[in-house]
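Chain naming follows the written order as A, B, C, D, E and F, and within any one chain the residues start at number 1.
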Amino acid sequence: MAARKDAVIKSIRSEMALANAQELMNKTNEKCFAKCVTKPSTSLSGSEETCLARCLDRYMEAFNIVSRSYISRISKERLEH
Amino acid sequence: MAARKDAVIKSIRSEMALANAQELMNKTNEKCFAKCVTKPSTSLSGSEETCLARCLDRYMEAFNIVSRSYISRISKERLEH
Amino acid sequence: MAARKDAVIKSIRSEMALANAQELMNKTNEKCFAKCVTKPSTSLSGSEETCLARCLDRYMEAFNIVSRSYISRISKERLEH
Amino acid sequence: MADKFDDATQKELANFVEAEQAQARLHSSIHMLTSMCWDKCVTGTPSTRFSRSEEGCLANCVDRFLDTSLFMVKKIEEQRAQHGQLS
Amino acid sequence: MADKFDDATQKELANFVEAEQAQARLHSSIHMLTSMCWDKCVTGTPSTRFSRSEEGCLANCVDRFLDTSLFMVKKIEEQRAQHGQLS
Amino acid sequence: MADKFDDATQKELANFVEAEQAQARLHSSIHMLTSMCWDKCVTGTPSTRFSRSEEGCLANCVDRFLDTSLFMVKKIEEQRAQHGQLS
């Protein structure tokens, strides 16, 4: 019984983590394609790939900055109220 | 029984009104933040707050203009068809 | 029984086709109104209607180009993997 | 749980829920139209009132959008009549 | 199907699911805010690091957006207090 | 209500519904891609045909977008291999 409960919890958790990672990838692809591939041609050029690689790192950085700000702000507000 | 029915109706109605007001607030915040806070700094400046207050009034006014136009148009079309 | 099964299948299929056509019309209206009616006045002008008619044809063409590219790409990837 | 509602009350509630759902779709259209017409018509910094051109644009925006939808449907039906069923 | 969970386990699972749903709403807000702040703050071509102004903008973006929400609520409450319930 | 479908028919219908759901996801991707590629490629006023550059852009847009997705996944896997599991 306990083993089955843990299996249910584990499966929900990994589904949630997957959905979150998937959403992050979708947003990153959308934003970076918009910024880096302005005129789609017959293949990705070297400069487009350089732009995409940097954009990926910057979007992850922005995601971390925003996560930290948001979590610290709502923790603060919960303490005050 | 009638009292329980009225309670159900009242609770659905207030849930709907809340969802509608919440959606209006979300849209207003999104549009006015986009227009008034173009370079987020360490606090909202006086001119940003002035802009936000006016933007709030204008968005509500736009919402009222659009609501009136839309409702009058669909009422007219229902009469014609 | 077989007749009832076919009726269920037919009804699901036509609901799907309708939803797809509806989504295509919604997107077309949104994109073409954005492009062709930049300053809404008291009626659609002749040049706005010309623009809308061409925009409709071009959006359908773009939809066909995108559909072909996407389906051919995912068919290719399925063969490779 | 308490007793179930009787049939007449259940029917009344079903009608009420249906009306509320129609209302919710109406609200959703109004929010979408307000957002779209705001982006199209309100181009400057918000002031204490709309400019004349903003006001005219907002007043006409919904009707021209609905005219656009009707115009598109008419064009599609004309094309179908010419080329036969496109499906 | 296997046996059902006992009452205590069912309750524990219900609490877990509720906590996960709160987590999902948190994630959804963070994705929305990241997308919005990226569009507002990251205007140039992506480089090996953010420029100073991009970094400052991103660091302040979430807090000013939440300040904006609070400011709007305050304004609405002021107007209600002046003109009576608008509802 | 009428009699239930027998097991074989139920299974056939379940397969059909699954195939239709896959179809719906395909349609949804195509609508999203058409919208995105239209915004990227069709910059001028609509004419009786696409310009050469618009046509080339549209023809390549989907493939480059899917290349972008693959490229991003590859980069993330390279980083994981270097720095260990980020999770």
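Note that in this section a contact is a pair of C-beta atoms (placed from the backbone, for glycine too) under 8 Å apart; a residue touches a chain by one contact, two chains touch by 3 or more.
Every value quoted in this text rests on a predicted model; they were computed, and no experiment measured them.
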Partner chains shared by subunit C and subunit F (touch criterion as defined above): none
Contact-graph separation of subunit B and subunit D, given in steps at minimum: 1
Chain separated most widely from subunit C, comparing mean CA positions: E
Averaged-CA centre spacing for the pair subunit E and subunit B, given as whole angstrom: 19
Between subunit E and subunit A, distance of the C-alpha-averaged centres to the nearest whole Å: 15
Centre distance in Å when subunit D and subunit E are each reduced to the mean of their C-alpha atoms: 28
Shared interface positions of subunit B, touching two or more other chains: 32, 36
For subunit D, residues contacting two or more additional chains: 37, 41, 61, 63
Ring of chains, enumerated from subunit C in the sense that reaches subunit D first: C, D, B, E, A, F
Complex interface listing, subunit E residues touching subunit A: 2-3, 5-6, 9, 12-13, 16-17, 20, 23-24, 26-27, 29-31, 33-35, 37-39, 41-42, 45-48, 50, 58-59, 61-63, 66
Residues of subunit C that touch subunit D when the two form their complex: 25, 28-30, 32-34, 36-44, 49, 52-53, 56
Complex contacts: residues of subunit B adjacent to subunit D: 1, 4-5, 8-9, 12-13, 16, 19-20, 23-24, 27, 31-32, 35-36, 51, 54-55, 57-59, 61-63, 65-67, 69-71, 73
Residues of subunit E defined as touching subunit B within the complex: 36-37, 40-41, 53, 56-57, 60-61, 63-65, 67-69, 71-73, 75-76
